[in-house]
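Pasting in a structure now, in C-alpha cells, and then I'll have a few things to ask.
For clarity, chains are labelled A, B, C and D in written order, and residue numbers in each chain start from 1.
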C-alpha cells in the first residue's frame, strides 16, 4: 500500500485514531498502551513486541505509531512507517545529526507523513528546561542540582547536562559574563561538574526517583525551578500529545516542546 | 519647555541617560538611586523627596524618571512628567482602570513619551508568575504557597493572589476542568484560601522575608517554581531595565514583563 | 499451649525468628512479607489473611506477629497472641486509651510477652515529628505544610495534626509565648487550619504521594524538616525493627520511637 | 581583684547580669551589643574594641564576656578573664586541642569560672547538625548540599564539612555499610567532594546568603533537614543563651549544644 493510497488519519472524524505501540511490552511501552486504552479519542490497534512483525501495523490499519524501542532497531521501524505513511512518535534516544538527516530524506519522499523525535516525553521536564533557558540571561548565577536513586550509572544525568547546555547557550546569545565564583580552596569536586561553564551537582540517594532543580540568582533574589518525576506514568501524557498532534504536522519535528504551543 | 523642544533621550549617544528619582529618600528609592549611580550608562541627575519641587526634574535635564512614591501623589507626578516629555517608570501600586485611562489620555497628547507602570520590579517574581501561567494548562493541579515574615498584614500576599488569578485565567482559556480534590473532612482552613478556584496557602514565619512557591502536578510528576526575595536590592535591576527601555517605547506599557523580550 | 510452655523467641540463637503476618494479603502486609523474607535473621512462618484461622500462628510456631489489619478485628488478634505468648507489632490505627488499658491488662497476665503499638512505621516520619518537637521551643514560629495526592479524604493528615500537637505541647512545656502573626485581612483559609495553636496547611496535588514539611523560624534564620514518603516499602524497615526488638521488651510499648535509642 | 574576692554573678538576683563585649565594633560584635541592650536581664557594661584596654572589663564590673575577636588575640583575652573570674562566651574560631588544653589549665586554677567555646552561635545550624547525626544511622544514603553567595572563598563550608564528619562518625559507631553509589561515568566533580565518605556539594549563587540541606534516604522515603541563615542577627540568641547559662556551669564547655538541654 503506497502512502498516497492511505487516507489521512482523521482525528476529528467519526472514529478514534488507530494507534500502534512498538516496544509494547517494555516498562515505558506498557504505560503508553495503558494510556492509549484509557483515552476516548484513541484506539490501541496494535501492540508490537521485540519478536513481532512490524507488518502488523499495516494489517491493523495503524495511523500513528509510538516507538519506544532501542537505538539499534528504531531506524528500521521508522523507514517502514514513513514508507507506509504511518505517522510516528519516537521516544528512543540516540538521534544524532546523521540519523536526523536520514529521517528527513525518507520524509521528503512521503510528504504527508509526520515524525516526532522526542528524547523526553515528560512535559514537566521539558518546561523546566525551557523556563531555565528563558530565565538564564536575567541572573548572574545559574547552577543545576539533579537527584536520583543510587543505582543510576551516569552522573550528571542526561537531562541535567542538556539543561546546562541550554542555559549556557542562552547566556552566550545574551552576552552574559561568566558567573561569579570566588572559590579558592577546598576538596576537589565540591563545586560540582563544569558542563559548558554551568556547575552541575549530582546526588545519589536511596529512596529518590528522578528530580532536578535549577537555581538562578541575582542580587537579593533567587528563582528555583524544580521537577520531580516519581513514576514513569508521567511520560504518557507527552506521548499522547505527540500522537494527537503529529498527523497535523507533516515532516520532521524534534522535541515535544514544538507541539506545546508555548509561544 | 514643550515636549517638541526636548531632544529625545539618546542612551546610545555621547552621554549617559539623565535619571531622576521621585521618592528618593524612601527605602526602595534609596536602592534605585544607588543602582543608578553604579551604572555606567546612567547618571543620577535628581533626587526628589516628599517635600521637594518636581520642577527640579526639568532644571536638572532629567530624561527618565523612576517614581516610587505613594498612590495619592503619583498621578500629579505623572501628569507633570508627561507634559514635559519626561519618560517615567512607575513602581507605585494602586493603578486601576480609571487611572490607566487618564494616563493614556495624557500620553496621547505627548506622542513621543513613554510610561511604564510596573506593580512589581522583581524580574524573578515576574518570571515566576509567567512560567506558572504558561505551565498551568499542562497539569491537573496547581496550588500556591507564599511565605512571609509575621509582621505582614495581608494574607494571601498580592503577588500570590495575582499568580492564582493568572493561573485560573490560563486554565479557563485552555478549557481545563476543575482541579481534583477529595477532601471531605478536617478543620476549616486546612485547604487554604480559594482565589478564583486556585488554592493559596500563606505561612507567616519569623526569619523569612518574601517567598513564593507554585506547585503544579500531573500523574507521576510535579513542577515547582519558587521565588525567594531576600533583599529589596532585588528590585533595582528591574527598575533600571525599565529606565533603559522606556524611552524607546512611547505610550503606555503595563507590566515589566512587556520589556523582557520573552517571546 | 500455654505461655509458660513456649520457649522465648531467641533471636540471637541458632535459628531465625519465626514471624507471622496478619493482614498478609493487603498492600502494606505484602510489603512486610517481602521484607521478612528478604531478612536473614527472620523467617516468614505464617501469612494470615482475612478469612484465615489465627490458630495457624500457633501451629506454625510463630514467635512474633506483625498485625496490619483493621481496627475492628485487631483487638481479638491481640488477645489471642498475648494469651499464647506471641509478641506483636501492631500497625493498625485507632488505639485510644480504653484499648491501651485493655491491652495492658492482658499483658499483665502474660508477663514475658511484648506488644508494640505503632501508629506509624516510617522511621523518617517519626524522626521528623521528634526533631520538630525538640526544636520547637527555640523558634518564635512553627508551621506545618503537608502535601498529598488529591484522592486523600482528610485534611490535614493525621501525621500533620499529630506533629502540630507535639509542637504545641513542647512549646507549652517550655513556656513559649503565642506565635507572632499580624494578619488582619484576607480571604478565609489563607492562614491554614489552627491545630492547638499551630498553623497547618494541606496541599492536594496530583503526582504527589505523601510529604510533610515543618518550618521553624527565629530572627534571621529558619530550620525546615521535610519528610517525603514515595513508596509504602518505606514502612518495612520500621516494622522489622519492631519485630527484632519487641521480644526483648516485655509489656506494652507505644510508638516505634521508643525502640530507636534516640537518647 | 582575685577570683575569690569577686562575688559570683547572680543572674537571678536584684540586678541584671553585667556583660562585656570584646570585638564590640565588628559586624557580629555589634549584633551582640544590640541584643544585650534589648534584653531585660542583661546590661551592656563594656564595649571593648581592638585598640581598647581589657582592664576596662574589670573597671566596669563585667560578670560575663562575649568574645568575638580574632584567633591571634583571643587566648590573651581568655587568660585575663579567667584570672579575674569573668565568665566567657567565645565565638572565635581556631580552637584546636592545644588551645583547649591550655584553657582547661587556666580554668583549673579558677574553679568557679566558666568558659564556653562555641564555634557556631546559630541554634538552627546546631540543631541541623545534631539531627543529621542522630538520623544518619537509619538511612542508607546521606548527602550534604550547602549553598552560599559567590564571594565565599572556601568550598565546602566549614559547617558542611563538620556536618559530614559528624554523620560519618555516627555511621561508623552504628556499623553502617558504605553508602550505595553505582556511578561509573561522568565528568569529574559531578558527585561532589568526599568528606570522610560523605558527599558534599557546594553551590555558589548570587542572592543567596548561607544555606545547608542534609538529604537522608532509605527505600521509599527521604528526610531532609535544611537550615537557612538570612541575617547575622540569627547569631545573637545563641550568644545570649551562652551568657545566661555559663555562670552556672564552671569549667570548660565546648559547643553551644551542651547548653540546649537536648537530652
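Note that a residue touches a chain if its C-beta (ideal position, glycine included) is under 8 Å from a C-beta of that chain, and two chains touch if they have at least 3 such contacts.
These figures come from a predicted structure and were not determined experimentally.
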item: Chains in simultaneous contact with chain A and chain D; value: B, C
item: Distance-maximising chain from chain A - centres being C-alpha averages; value: D
item: Distance between chain centroids, defined by C-alpha means - chain A, chain B (Å); value: 35
item: Centre-of-Cα separation between chain C and chain A, whole angstrom; value: 41
item: Multi-partner residues of chain D (each touching 2 or more other chains); value: 139, 207-208, 216, 218-222, 228, 230-231, 234
item: Touch list for chain A against partner chain C, complex; value: 207-209, 228, 230-231, 234
item: Contact footprint of chain D on chain C as seen in their complex; value: 122-125, 127-128, 131, 134-135, 138-139, 216, 218-237, 260, 262-263
item: Complex contact set, residues of chain C against chain B; value: 139-143, 145, 147, 150-156, 179-195, 199-208, 215-222
